[in-house]
Amino acid sequence: MKKAKRKATNSFFPIKAEKLKQTLEDQFENSTDLSFSIFEHSGQKLAVFYLSYQVNSERIENMLLKTLLDSQKEWTVETILNEVPLNTGQKMDKLEELLTNLINGHVFVYVEGEKQVVSYLMLNIEQRSLTKAETESVVIGPQVAFTESLVTNLNILRWRMRSPDLVFEKIMLGKRTPKEARLIYLKSVANETDVNTMRQRLQDLEVDEVEDANVLMQYVEDSSLTIFPQFYSTELPDRASYAINKGRIGVIVENSPAAILAPTTFFSFFESTEDLYMRWNAGSFLRILRFISMFISVMLTPMYVASVTFHYELIPTQLLISIGQSRANVPFPPIFEALLLELLIELLREAGARLPTKVGQTIGIVGGVVVGTAAVQAGITSNILIIFITISALASFTAPSYLMGTSIRVLRFPMIILAGILGIMGIVFGISFLIIHLLRLTSLGRPYLTPIYPFRMVDLNKVLIRFPQQFQGKRFLSFRPKDRVRFNKKKAHEKKDIDE
Amino acid sequence: MRLKRLFFLCITLCLLTSCVDSTQLEKLGIIHTRGVDISEEKPSELETTLIIFQFNAQTDMVSKTLSGTGHTIKEAREQANNKSSFALTPGQIRLELYGKEIAQKGIINYLNTLTRDAKVSDTMLLAISDTTAKEILQVGQSDTTMDIGQFLHGLIRQEGLEDSIPEVALHDFTHIYFDVGQDPFLPVITMDDDAPQLAALGIFRGDKYVGDITLDEALLLNMTQKHVGFAPLELEIPRAPLEKYLGDTEPIDPDSENMYVRIGIKGETTSKLTDPEQLGFRSKVDIDVDLHEASEEVVIKDEKVAKVIEEELGKAIKKKYETLFKKVQELNADPIGYGRLYRIKNNNKLTTEEWREKFPEITVDFQVDVNLVHFGTIQ
Amino acid sequence: MDINVKVKSNISIRAFYLFFIITSLQLGVGVMGVPRFIYLEAGADSWISVLIATSYILVVLFVMIFILKQYDNADIFGIHRDLFGKWLGNLISSVYIIYFIATLFSVLITYIEVVRIFIFPTLSPLVMGLLMIILAVYSTLGGLRIMVGVCFLFFILTHWLLLLLIEPAVQIDWDHFLPMFQTPMPDLLKGARATSYTFFGIEILFLIYPFIQNKKGMHFPIYMAAIWSGLLVMITTIITLGFFNGEQVARREWTLLSLFKFQQFSFIERLDFVVVAEWMMVIIPNIILLLWGATYGIKRIYKLPQKVSIYALAIPLLIGCWLLDEHFQIQWIIDKINELGFWLVYVYPFLLLPLVLIKKKWKQRKRGEKNEA
């Protein structure tokens, strides 16, 4: 590589076609994928070379070679650019540039003796077509998900938001294997400080490679040690465009089917775009249900462990008898019993996720029904705990964000341990610690728990209960958008008396 | 910085594991009902009879009876614990039963023990046995089809919910006990053909059990304590004034001058000090009545008939109240709480002793106002 | 040390939060037992004592605000420096800091005792102390804004406990308050004084004042805070006295907590356990603010970074919790703090006021002379 560089500096071209071939083959270690053909045409030597897997060879033959070889002209760089019916023609004269473009799917034509080489972009990417969202599946509303192709993703987003305000800022990430990323925001709405912060963080990133948007997220998050995700990563274009429309910032990365949305509040991890598509009351109900589920998921098993281990006084007499009877055979202390079962559930989930869909379902049934029943009959666990564990596992799956759902599931384990050691004091300690921790978190410098703290009354209509649309005249003000108003509230809310 | 904090946390967790005694459910003998008596063998000691829940893999029997003696209740519990492989704990006591003898000697000391222990719920119920607590608990427990502790608890609680007897939780007892100018009361459990049942309401003078009133009177007493919502009561009223309106059904005992009606009572009795000098009180009984059943058919055609019935019911209730009052006055115990009214009027200056002297001299004028509201779907 | 404090705009707080700061600090361990102390002095007319105490506190707050307004952006340490000079000023400020630390310590040990009585008799006080100090240190390290957030959120998360008082409130025996207005004035005043430990907390205003963004809007939240605390103490006192009778109140150590013993839900038999545990959330804002007050003071006077002093304070406090676990020792400490605090919180502002005014006059005259010259 070094050698080539030095050559490039003292003018690489003109060069003999064979020599060029030799140089390139050296670069690619005699790769068979490099297609380098030399045509003798009207006394000229035309070298055409490209990486065979990167380009659309049909187009090369039809458009490029046909034009070049059919005509009896003498070709120069200028004439090629003028007469070949392709619009991506470029001239270049540096070897370095040439190599990069070769990798990126350019086709090169070199007329021996010329000082420049002509290239055409004929990239041919194998990509999957648009599919339904898998991890964030929705019942109603747009089903399409982002794909791994940046271009497709940009295309989808632009299709949703046809506004000249929408900015796709290009930023290259990764030093060794650079990858294209786009910073997306609405110029007239997004908070400028936030955009600058995000841009700065992306530009300052010094890593070899960015594997995926979720990895990028961890690189640029405010706190990387916490268990809570601070940016929202979504595969739903409607979710992304909704957030961007409200003034947030999106980042998409080549090769990743996820868009990062920032800044984010803790509460938005429990909001689904479905809440918007549904009637406001039904949507609010579901949203509240999700918050309750989160609470249940974190609290239910620890409460059981605490009360069975320490606080039998708390349990009503009738329940006490049934819990006691089911516990009588169990040889482990409640904390181990609970950890064991929680682990079992996690095993089932993980196995189900790794296996193909059809087998995965079977595993779920086998694991859940057979192992559960057998465990109770063998006296390893109490059946009441199985009910609790199942409920809390189910509850943890209601979080629309898979990342947050996983965080909550992981949180259960320290909570169970605290409850098993310190009983109800442990639980209160755990909850307090969590709250303080959440208070300390920020997302792109904005408090994570806003609008609860810092308290902002106007934003509450979007958090716990989604108010009807006519009350949603303002954007989410906690994030200080440039444009605060979505529509004029007075117009949406005309007052009339009965029968007028 | 963060790592240091995490490390700190880990160390803490390790430290914590050894700190709190765990009391796992299945290792406990959870006391549900406790009987307290004076020991028959050693008269200076207490004997406790405990009904516990224990969760044992070997048997399906959840409840078990244990007993022990000692100078204090705690000591007696310890002694009982020696007979069990489970650690006995008081956190779920729902009922405490006192033997007649010990109740007559005074129970406040044991109640203070209960209140002092933060583990014990203040909503636990108290009762007295008309023999010994041990007898009732042990005889009841020999019948394997039911759990005597839960049965008694359910029994008293049910009556309490129906407003037939006043609330008798630990808190209510101590509350009344410490109020100057009122005396507490507890239900009396008796053994009838090997089945325990609620017999009467025991009246206390201070913390000493001195006598009984009937369950009907208990309802009347309850009405002086709170607003009662449709508690059932059976009354005896003379036939004569109603003769005209009776149907021509044949009564079981045609010679009797009285007939019986079963009514639901809703209302309360409010008392007032009318004459501070002569210690005269007036208790106004203001009730709504539902007619449930009568021993003879009464045809309530119009308001006039209702008026007559109301009047007769009023008289009967007044009579009952007077008997009740006489009874408690003879016992020199004031469960209704006239002393409180006197104390308030008297600028808070009243001691229990003074009231004991004054109580036998007070007079109460009962005024009953009955209002017949419903009598079912037939007239 | 500057007399006035320069506060960056990104760490200042809205005046609105003063309400939560002051109520959080006022309502802590004190309120658990205060009805008994008031009753022992003022009897059935205890509620009048609470009323007197609350009105007095409003006056104190008025004076405090008046003092603070004489400066641009000063706290109590700056004022001391201005009035008494370096040595004496620092000495008095140190008394303030000692008072903060002592109160913090008393809160810790009192709560630990309550937990040991109600939930875990065998729990090591060291562990309990550790739990609370971890939380306190963790949030104090987050800075003032985080601490205010803790106050605010924990205020909301604990005030639902008030709903549990409805049940005993319904069962109040109003006869217990009769006859009214029989207690002589000196007893009422003694009763009012018995609330002093509970109502400590308004002194935080002297420290937090420079951090307030919109100083114009601060009157309402401050007075509301004092009124709210007064109202809560009043409500709990009335419910306690009505629900229990005098003899019971006089004998029960933590009367307010006893009220929760009568609650039952179909799925939780004993709510007092939950309440005692949840009370930790009432205590934590207390500890946090006191810890912040103490370390902030140390930073102001002795220039010791808070990151150091927080740890340096946490460890001795922990050891103190471990050593002191007898009821009467704890009561003795509380009594002493009560005395110190009483003078410092309720009386001292009145002494400070004339000094501040004189100093201001003197300064103005001096400036006037200078101008003339």
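So that you can tell them apart, the chains are marked A, B and C in the order they are listed, and the count of residues begins at 1 in each.
The criterion applied here is as follows: contacts are C-beta pairs under 8 Å (C-beta built on N, C-alpha and C of every residue); 3 or more make two chains touch, one makes a residue touch a chain.
The chain lineup, named per UniProt: A, C = Spore germination protein; B = Ger(X)C family spore germination protein.
Keep in mind it's a predicted model, so treat the numbers as computed, not measured.
Chains joined by the most contact pairs: A-C. Central chain by Cα centroid: C, whose mean Cα position is closest to the mean of all protein Cα atoms. Centroids built from CA atoms put subunit B at 66 Å from subunit A. Centre-to-centre separation between subunit A and subunit C, using Cα means, comes to 47 Å.
If you average the Cα atoms of subunit B and of subunit C, the two centres end up 43 Å apart. Residue positions 310, 313, 317, 422-423 of subunit A each touch two or more of the other chains. Within subunit C, the positions touching two or more other chains are listed as 119-120, 123, 127, 134, 138, 264, 269-270. Residue numbers of subunit B whose C-beta contacts span two or more other chains: 16, 19-20, 92, 121.
Looking at the complex, you find that subunit C touches subunit B at residues 43-44, 117-120, 122-124, 127, 130, 134, 138, 173, 175, 178-179, 182, 244-248, 252, 258, 261-262, 264, 269-270, 272. Looking at the complex, you find that subunit C touches subunit A at residues 14, 16, 115, 119-120, 123, 127-128, 131, 134-135, 138-139, 142, 146, 149-150, 152-154, 157, 264, 266-270, 273-274, 277-278, 280-281, 284. Considering their complex, residues 5, 8-9, 12, 15-16, 19-21, 92, 115, 118, 121-123, 171, 174-175, 178-179, 340, 344-345, 347-348 of subunit B touch subunit C.
Taken in their complex, subunit A has these residues touching subunit B: 225, 308-310, 312-313, 317, 320-321, 323-325, 327-330, 333-334, 379, 417, 421-423. Of all residues in subunit A, only 310-311, 313-317, 319, 422-425, 427-429, 432-433, 435-437, 439-440, 447, 449, 452-455 touch subunit C in the complex they form.
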